[in-house]
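Each of the two complexes below includes subunit A, the first together with subunit B, the second together with subunit C.
On to the complex of A and B.
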């Protein structure tokens, strides 16, 4: 078996030989070994413990703050009239957006037969699920009386009342709920064969039983694979329109309202592009340290990172275009309130936030035009962080500027977040990373079965030799 | 059945735990290469209970094995359709049905016309997102659970799992297995065939004749756990059928109980520490003016303890005064009594059949043109507004005394108008009336 050196440059497609997706001297066995070792090691790397302690601490703080919020009331936040949405909704939209990359990688790239997705799809999907958990939490506590959050669902109740189905806020409940369920199913279906690997390699009885229960008795039967691949393809076909619908529906929360700066038809596509943009930013932020820490450089190769950076560049440009066209339409539409809203965004009291957003999202990713920067680990890490910052500020700008100064100058008012707002944002990162670190430690971080199907020698030897071997699973 | 299965004649009870029987056979491969040919040969040989096991799906192998395409897509299609229809039904039912047509259902299941900004009750465009989401949700659930069900998963117990070598199927080895229950299974011929497939080792899969049952303690723990989980349900069920004098447990206060001062309580905010404040000198408390008896004619409609038959002297019945009465009547009385006072306002119009089941207390507003009302003294009419009469509620808190008199004057005018003689109509109004009735071509 030809050895593929780790240093090989697989970021360019040379027609003479296929750029390998997995580098290094890997066969099926060593691949299983590399991925499983992470979870089987008796001790995690020290960095893991440090990171886990910090994020678990932040999660506990978040729990305490939620308790404080519920006991005292939403007054502990900076929300008030006229800015009644504040950090809670900003964080909600931010986290839902992050979640989009996972499904995009697992579903859309799957349909497009982008084999490179297999190296990163597992943890991108995991990231989706954790991000949606963080997102779902915020509207739940933002309703004020959180114990009545179940009113959002059409459940028969003693008041004989039903939800109002013509409201985008209710569509949100259905969109985010469906999105979470489908992402979870997608993730779990992908996990089944790999959990079986963990079961079969387990050294202790407890691990064997626990992984065994979740592996459902998987035995690699080809008859099972047949239906499994069908199910996976169907899920991908379902998740693709779903992922586009979710952020469209989230954007309806704004676009259906009459507020200047919100009431625009560009919102759905612009939100979806922004969501994918921020999601890939987060995947790069996570992938860079994870591949370093857990020795996965052969599997999450420079080519993967390079491809993701290209997507960041593309979606970042779409977002930048959307910002500009919004401005143009505000001028062209000749509605004074609309014009005012945009001018005050860029030059008013929240101009600082606007320009953070604009430069992080529209300008900074343009650096990815350069191959040097696209393939430089420190550069891409910093840019991905800036993308996350920029996208958070995008939601801040949208929510705060439009609400704080709408049609009626007499009802204008500023928004001043409190320490609870800020601490809860930080706490939600704690929650996210706690889940993510647990996932890295106890579950297969890379979709082994899928990567095996696209390994260089598998592709070569694949029964039909058509290079399409094992698209699924 | 295989000939080599452990002697079936031995009675089950005497079989020792270590006795095993052949459950199937297995051959392993280190490379996927020979699998295609192997699959074709197994199929040719006529086996039915056999399988190929691989660490990742190999395309084309399923066709070589003769696996028929799965019906999963159809299951998903039906589920998706169900999702779409439930989305339509759910929204139609909860937001666009008339509850009155479904009184036979429990109230909390009835839907109702949900009016939002005067938009149509059922507006399809606004319902599309939820229909879409439910379609996807149902389809995805069907895809996953359908796949698991068709694959017979979860199945935790398999004889194959007893083979240590087979554990590498999830790592880097490939296997062909045949189950001993296959009709044409025979240890020697099947073994021979497997050996020819191009794999490395042919292995026997043994399983104990007596399968160990579930441990006793686990069963006991399961039963106890199941019983314990029933306790909350029993408590809830009991609470639903029994009465209690205690107030309900109030976990979420919801501002239901707020601190406040009641009569006779102490309040340190005042020098005299009385929570109940004495009236301020020189003021009349709300409602006390009538009781003071200062102007009983104007405020109570009484003259010498009899219903006043004339309007109070302080009021002058002018056309402005009548106009005031007309407007107040339109605001406060017309909803029930109708603009013309015949008792046919908007409220009774909602009750055209004179009473619904369960609404036994319904009373039609009196027509103000009834002889009985005509005969009332103005003071009595005034009092009916002030304090209400029989089932009609009082309006003293909403209508100023002088306005009540204005309404009374207007009622009198209405009564007069409905029985007026043609000659009593002023000439100017007469012309107008003729013009209108002429246009309509009747009267």
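On to the complex of A and C.
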């Protein structure tokens, strides 16, 4: 096996030979060693402890604020009449959107045989699950009487009362619930062989037993692999429609309402594109420091980042197109309220938020047309952060502008968030990063078994065999 | 130590136990929540101790006093009021049960004394409310008793109760059962307080409902105003 130089530029597409997906002098053994070392090291890097302390602190703050909210009531937020949704729903849509990249990478790219997904799918899926947890929290506390949040589910009860089945808010409960369940199963099934690797390498009895229980007795037999791959394929097929359906249903929360600026048919595709856009933004935000910190540069290579940046560019352009076509339709539809809603968005009291959104989402990603920027770590890190800022403001603009000034000027009202709103948003990031850091420390961050299947010499061998290794990205 | 951990053989024996445990656990929770938290278990039968050992079975049952002799606002207001001590004294100025009671029982003498004390001092008797709807539920007695819903339908056989207890669930679905289909619970207007009345051939509830325009609404603001 020819060794691949450590600092090869694998972002070039040379038709004469396939660009390697794992660089450096890796064979199957060193790959396992590199990934397992992260979890097996007696101490995590100092940066991990610093980050974990901050995130855990923010999570505790979030818990305290939720307690304060429940004891006092939703008046501690800036929500009012007419803007009854506020930060809670903005954050909900934001976090659900973040969650979309994981399933796209794990399911859709899997079905399309995009081999580069293997380097990033594990932690992107983890990110999805943690983002959906953050998202699911917000409607639960937004209902006001959080102890009755179970009323969102259609449970038989002595009141003979059911949720409104015609309401997209109920569809949302099912959409997000299904998404979370399938994502969690998908993630877990993928983890099993790697958990078994951890189990076999574990030095202490406790670790052996804990990883052993979660590895479900995996022994790597042909029969196990056969069933595993069947299950993985079925779950990928189940998860694929969910990537498109979940954010479509979330967009129905708005589009089914009659409000100017909400009631448009473009919302489902535009929301899905935006969700994938923000999700990949978050994956890049997490991947850049993680590969640095845990020495995974040869597994999450520049080619992976380059590919993700291309997706950000594509989905960002779709989002920018959607912003523009909304304006066109508002003018072309000739409904005065609709026209007003959009003029007010761009030039009204919330114009600052609108232009943050527009520049971060539609303009900034256009920089990714340049290869130099696509492959520059600092540039992509900053752009990915701006993408997340822009996508949060997109939800802010949609929720706040349409609610604060609808049909009747007499019922208009401004929205001003309180410190509790802001602190809860920060706290939800704390919760997200707490989960994510724990995941990095205790679980295999990279899908070792899957990466091994796309390493250069594995591909070469299977290409000789049955010509199976068709389209490595 | 360095042996990889695999499940020991006896774990296989646990599989049916775990499966059965999961199924039974879920069933157990469903059954406990369905029956244990139901108003039939938590509310029906509520019988607080009253300050006066007043017997509805004696007054309304044996003596046959009409419900509306004491609860006389029931056909005019939302609230079927609890009679003041003066209503008791209409009869009890002349009737002193302690004189007719068994003198060997020391408690018997005191049965009426809280009423007499209340009458002398003017301080009302603090009856304990039995049928207590939540504050967010609006209920109007007059709307029901003037439209053919009898006392017994909601309060049970008070004429047989020594001490009054809650006979029905008073839950939202219980209200809705009747609001969605009131005809089985209708009776002639002159039989409202009759605890013994049974549907007979002479009375057609469907016609009655039509005549009196009984179409109870079931939207939220009917009861939650």
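Just so it is clear, the second predicted complex is superposed on the first by the 462 of 473 C-alpha atoms of A that agree within 3 Å, B and C clash if a C-alpha of one lies under 4 Å from a C-alpha of the other, contacts with A are read in each partner's own complex, and residues count from 1 in each chain.
Criterion: a contact is a pair of C-beta atoms (placed from the backbone, for glycine too) under 8 Å apart; a residue touches a chain by one contact, two chains touch by 3 or more.
Bear in mind the structure is a predicted one, so any value in this text is a computation, not a measurement.
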| item | value |
| --- | --- |
| Residues of subunit A touched, compared between subunit B and subunit C (which is higher) | B |
| First, second, both or neither for A:28, with subunit B first and subunit C second | first |
| First (subunit B), second (subunit C), both or neither touched by A:81 | neither |
| Touched partner set for A:208, first subunit B, second subunit C, both or neither | second |
| Touched partner set for A:258, first subunit B, second subunit C, both or neither | neither |
| Touching partner for A:158 - first (subunit B), second (subunit C), both, neither | both |
| Contacts of A:217 with subunit B and subunit C, given as first, second, both or neither | both |
| Subunit A residues contacted in one complex by subunit B, in the other by subunit C | 156-160, 199-200, 212, 217, 219 |
| Touch list for subunit A against partner subunit C, complex | 156-161, 199-200, 202, 205, 208-209, 211-212, 217, 219 |
| Contact set on subunit A toward subunit B in their complex | 27-29, 32, 145, 147, 154, 156-160, 162-168, 170-171, 174-175, 177-178, 181-182, 185-186, 188-189, 193, 196-197, 199-201, 212-213, 216-231, 234-235, 238-239, 241-242, 245, 249, 252, 448-450, 452-453, 458, 461-464, 468-473 |
| Residues of subunit B touching subunit A in the complex | 31-33, 35-36, 39, 51-62, 65, 67, 70, 72-73, 76, 90-91, 94-95, 106-112, 114, 116, 119, 123, 126-127, 129-130, 132-134, 136-137, 139-141, 143-144, 146-148, 150-151, 153-158, 160-161, 166-172, 175, 251-252, 254 |
| Residues of subunit C that touch subunit A when the two form their complex | 1, 4-7, 11, 34, 38-39, 169, 171-174, 176-177 |
